[in-house]
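This structure is in structure tokens; I'll ask about it shortly.
First chain written, first letter: the chains are A, B and C, and each begins at residue 1.
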Amino acid sequence: MVQSIAIAGNSGPRVRSDCEITLEMKERGGINIDLTSKVKTLYGESIRSLTIEILEFFGIKNASVKIIDSGALPFVLAARLESVIKQLIDTDLEYLQELIIENTGSTTRNRYRFSRLYLPGNTPGLMINAGLHSADGIILDLEDSVAPEKKDEARILVRNALRQVNYYGAERMVRINQGDRGLEDLRFVIPHNVNLVLIPKCESTNYIKRVEEEIYNIKKEQSLSLNLNLNLNLNLIPVFLMPIIETALGVENSFEIARASKDVVAMAIGLEDYTADLGVQRTSEGKESFYARTRIVVAAKAAGIQPIDSVFSDVGDMDSLKQNVQASKALGFEGMGCIHPRQIPVIQNGFAPDEREIEKSKKIILAFEKAKRQGLGVVALGTKMIDLPVVAHANRIIERAIRLKLLYPDWIDTFREED
Amino acid sequence: MVQSIAIAGNSGPRVRSDCEITLEMKERGGINIDLTSKVKTLYGESIRSLTIEILEFFGIKNASVKIIDSGALPFVLAARLESVIKQLIDTDLEYLQELIIENTGSTTRNRYRFSRLYLPGNTPGLMINAGLHSADGIILDLEDSVAPEKKDEARILVRNALRQVNYYGAERMVRINQGDRGLEDLRFVIPHNVNLVLIPKCESTNYIKRVEEEIYNIKKEQSLSLNLNLNLNLNLIPVFLMPIIETALGVENSFEIARASKDVVAMAIGLEDYTADLGVQRTSEGKESFYARTRIVVAAKAAGIQPIDSVFSDVGDMDSLKQNVQASKALGFEGMGCIHPRQIPVIQNGFAPDEREIEKSKKIILAFEKAKRQGLGVVALGTKMIDLPVVAHANRIIERAIRLKLLYPDWIDTFREED
Amino acid sequence: MVQSIAIAGNSGPRVRSDCEITLEMKERGGINIDLTSKVKTLYGESIRSLTIEILEFFGIKNASVKIIDSGALPFVLAARLESVIKQLIDTDLEYLQELIIENTGSTTRNRYRFSRLYLPGNTPGLMINAGLHSADGIILDLEDSVAPEKKDEARILVRNALRQVNYYGAERMVRINQGDRGLEDLRFVIPHNVNLVLIPKCESTNYIKRVEEEIYNIKKEQSLSLNLNLNLNLNLIPVFLMPIIETALGVENSFEIARASKDVVAMAIGLEDYTADLGVQRTSEGKESFYARTRIVVAAKAAGIQPIDSVFSDVGDMDSLKQNVQASKALGFEGMGCIHPRQIPVIQNGFAPDEREIEKSKKIILAFEKAKRQGLGVVALGTKMIDLPVVAHANRIIERAIRLKLLYPDWIDTFREED
């Protein structure tokens, strides 16, 4: 017997911006919608009409739909409805909403990734205003924060969020699942202009290659089909990769992983899983992971990518977080995951360039400008030659310092006069 | 001129359970035995008859035998006698005593190896009751604890001990010598159901391969010849390998060594030799070996085998040993060698699963049981999926906790009711 | 228009043992020399005649030469003059002075390299008495201590110094530049019996191979041409290599680099550049470089070469230097660069063998001597076998101890009697 009733989404007193939908397929009788919502007066009609539109899109003519709404936005309603439909009928159709203009941008390989906020991939309430916290990146997580039985519906919600949620300039990231499920997850994120994919429990270059190949295939298929609702050539937009090292085997292969693909731009360590793999307790001193952390910094830097430290679990202890960030930066890490918005400013400021770095960067840029003015082929600071990547790095530091108001945008003019 | 007189074994006021035998080959006159022993009245006759039996076995008809006995058991007397005989005549014969039923067992890849007691391979007095100390393993050492001129006789003694000494359930291990001599040592231990071979100063996968091949060859020959005195199919019984890393080169190749053979189940570090190779002094803080130790933990875990820490030399200082074990476990080591029986309980308890590990293991096992009862394909703890190796590991922790009386054997029943 | 005027060398109130030469090529009028020198009365004539000799050697008949002399020795004057000439005319000729007898020696692979003094390659004032400080090695630096626009003239000065400066037994080293310029530098040092070449910012075995090949080619060409002014067969004299690891990529490849060529005898780490590559601040505690330093020690020892630590920058703080050296030796380093002569004795004494090492070496040598006297094939200390590299190492320790007057040269005789 074919299943004829399905449920998706969440409801309950603590649920916000979500809805729970129960769909029952019928032989006849048309569409019946039973809507419970505090905002029924205001949005009842638009909820009903979107529901009908989506059911029609999937060719459903007779069904009873029960919606318990807790303030779901259209992208959430659409995701939940598509989820229940796909539990009952087999279809390749996708009900895609507009990719908003703010989400059509691409990011660059070397942009800073000091902080990135983890959001559970099936909790829309946390997604809507996440961009306001000014993290460098926002991660929609399909892995550990989503219960196994919710993984399918999370994919559709994340897909819709990538198209509809304004990230206010944060890099738009998704953490896929491990193994084969992770590769399947890609079909739900790659066509929707995700900027960066996090690869959890990465242990081999082979898996990176498989991810890379799958992304290539998806893009290729996509470019043959109708190209979204924008003239966005996905083949020209990079999807960056950030493997997360969470096992001893991952540590052993970290250098190879870091350079497994030109799209790998950063490599993170996940200490909760890493210490579990080692069978040790995670301590604040961190002797048990010192080797792994320092090795990952070196592996990442050797491959020319950013080393990213593990999240700090105690969201209540800001002082310890601050010390943790300082220690992390002192070892060479260039960022850290956040599991609560309040961690973001501490992490952003902690990894920000310090006085010493800003001063050195100024000197490098000034030396470079001077050499250019004098038509010299070689740039030197004192007796030391300076090559172009060093100049580029100095420029990034100065840009960030200006953004963080640690430096006036016109700082260079003052110096030019003195020169 | 062919040598006609030989000596083997030990005598003297501090020697126990050993004997010194001097054999002189004669042209005529039959067998003359000159026995000195405190237990002559009780055992004189059996010593004489065993001596005559062995001489006959090797076809010796005329000889003078001088035995200074200090309470040698038959396996020791037989070993010493075979040693003097083989110094004088060239023979492939081996006088093999019964392989006692307790020594016919095999062990498993993942069993705990918290403690293993080193015994000098040519000192029978220490072997006889070694099994009573409940170490996870007992090592008969042919390498550093045996003087060069005693190495040949130690092989025969170790061979006999493997057949005759009751280990009371401890894993039966032998440390072979380095290089070619180590490969030759294998002929003396592999046919006698050794459970695990320690490979000292291991520096390359190549040597592991040679050991593996030699073991394979010995087993093959053995299975063609009369199969001991038991129906023991050696080809079905694994001989596990534990390479010991004792040099910088070994550290460099540690990951490759750890996975050089499916029979490698653990990898140890030997700090006395390692610090000597580095030309540094071994300190209690251990900064000089921190890199090597943490790297070996990661290499071993990445290869799915047990990382084993170095022995602690000061057998009088139990407090420092205890701290040492705690620090060792905190880094991920799963065991440590012992050079004195009194170290065993400290090491056993130190590496034993702690409260936190036991609690976590319970949760994992309960989640697994529940998922099985509910017919779920996926096991999860919270939102986190749990795979089978994690369940197996939890089971090992629970078993050890029960064995150490840290947990009641029926703990699970209490929980099932609550469920 | 072809350039007709050139300048080389240094002048000014703080310049010693150098000269600044301005050469202007003329159509006619012969050679005009304008010499300013405090030692004009004493050396004016010899300066003039050397100048004329060199101009003639390069076929220059009409020129105006302005020399501001600050006490330049002939090898400096010759270098400066050749530098200005080569800026104006294109020639493969080299004006080579005598290779003094003290500089015709070779060194050995395993000799101690506790201290090596860095000298800027274009500052002759520091070169002349550098050998008096008894460093194990003296480095003429063509890389970071020479400004880009001075690099060409530094090569010629270093070449002349290799031939003419007495190093009083110090190993004669040159640090070449990075990349292709470094390979070109070799033509200026290899034919002049340099003992060891330092390769800065080494990141790959490939570059070592290129250096090795270039050295081979230079030696081959050299052996075909007139062989200097001595019967020195360069092909028989090794040029040792010391790569310097200064980046994360160098650390990742350090083991491969250490064994990339049989001529690599030591590997150093340069922490100023390394911490810059990691983007971290160098601290006195050194947590940020602990992984890299310990990894390099292991990589070097695994390859059988000497690990050398970074220079200590604060030339005024002798106490911290001393602690630094102790910590460095405790980790296994066997030497350290010096940037000031006063650092040399602290470093020499700090790395010198200590009481424990000397005692152990004595025992090893005595055991070896005894085994030799007794005609034994195997040397043992206690039950532990000793192989020949261990004996050789003990001999080196004893030699150094005697040189540092920590041991009487005839120590062994006392023991032999006791034996």
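One rule holds in what follows: a contact is a pair of C-beta atoms (placed from the backbone, for glycine too) under 8 Å apart; a residue touches a chain by one contact, two chains touch by 3 or more.
Just so it is clear, the model here is predicted, and its values are computed rather than measured.
Rounded to the nearest 5, the angle that brings the Cα atoms of chain B onto chain C is 120°. The pairing of chain A with chain C is characterised as different-residue: of all residue numbers used at this interface, under half are used by both copies.
In this assembly, the C-alpha centroid of chain A lies 51 Å from the C-alpha centroid of chain C. Counting partner chains per residue, chain B shows two or more touched chains at residues 290-291.
On the side of chain C, the complex with chain A involves touching residues 144-148, 247-249, 251-252, 277-281, 283, 287-288, 290-292. On the chain C side of its complex with chain B, the touching residues are 255, 290-291, 294-295, 297-303, 329-332, 334, 356-357, 378, 380, 382-385, 393.
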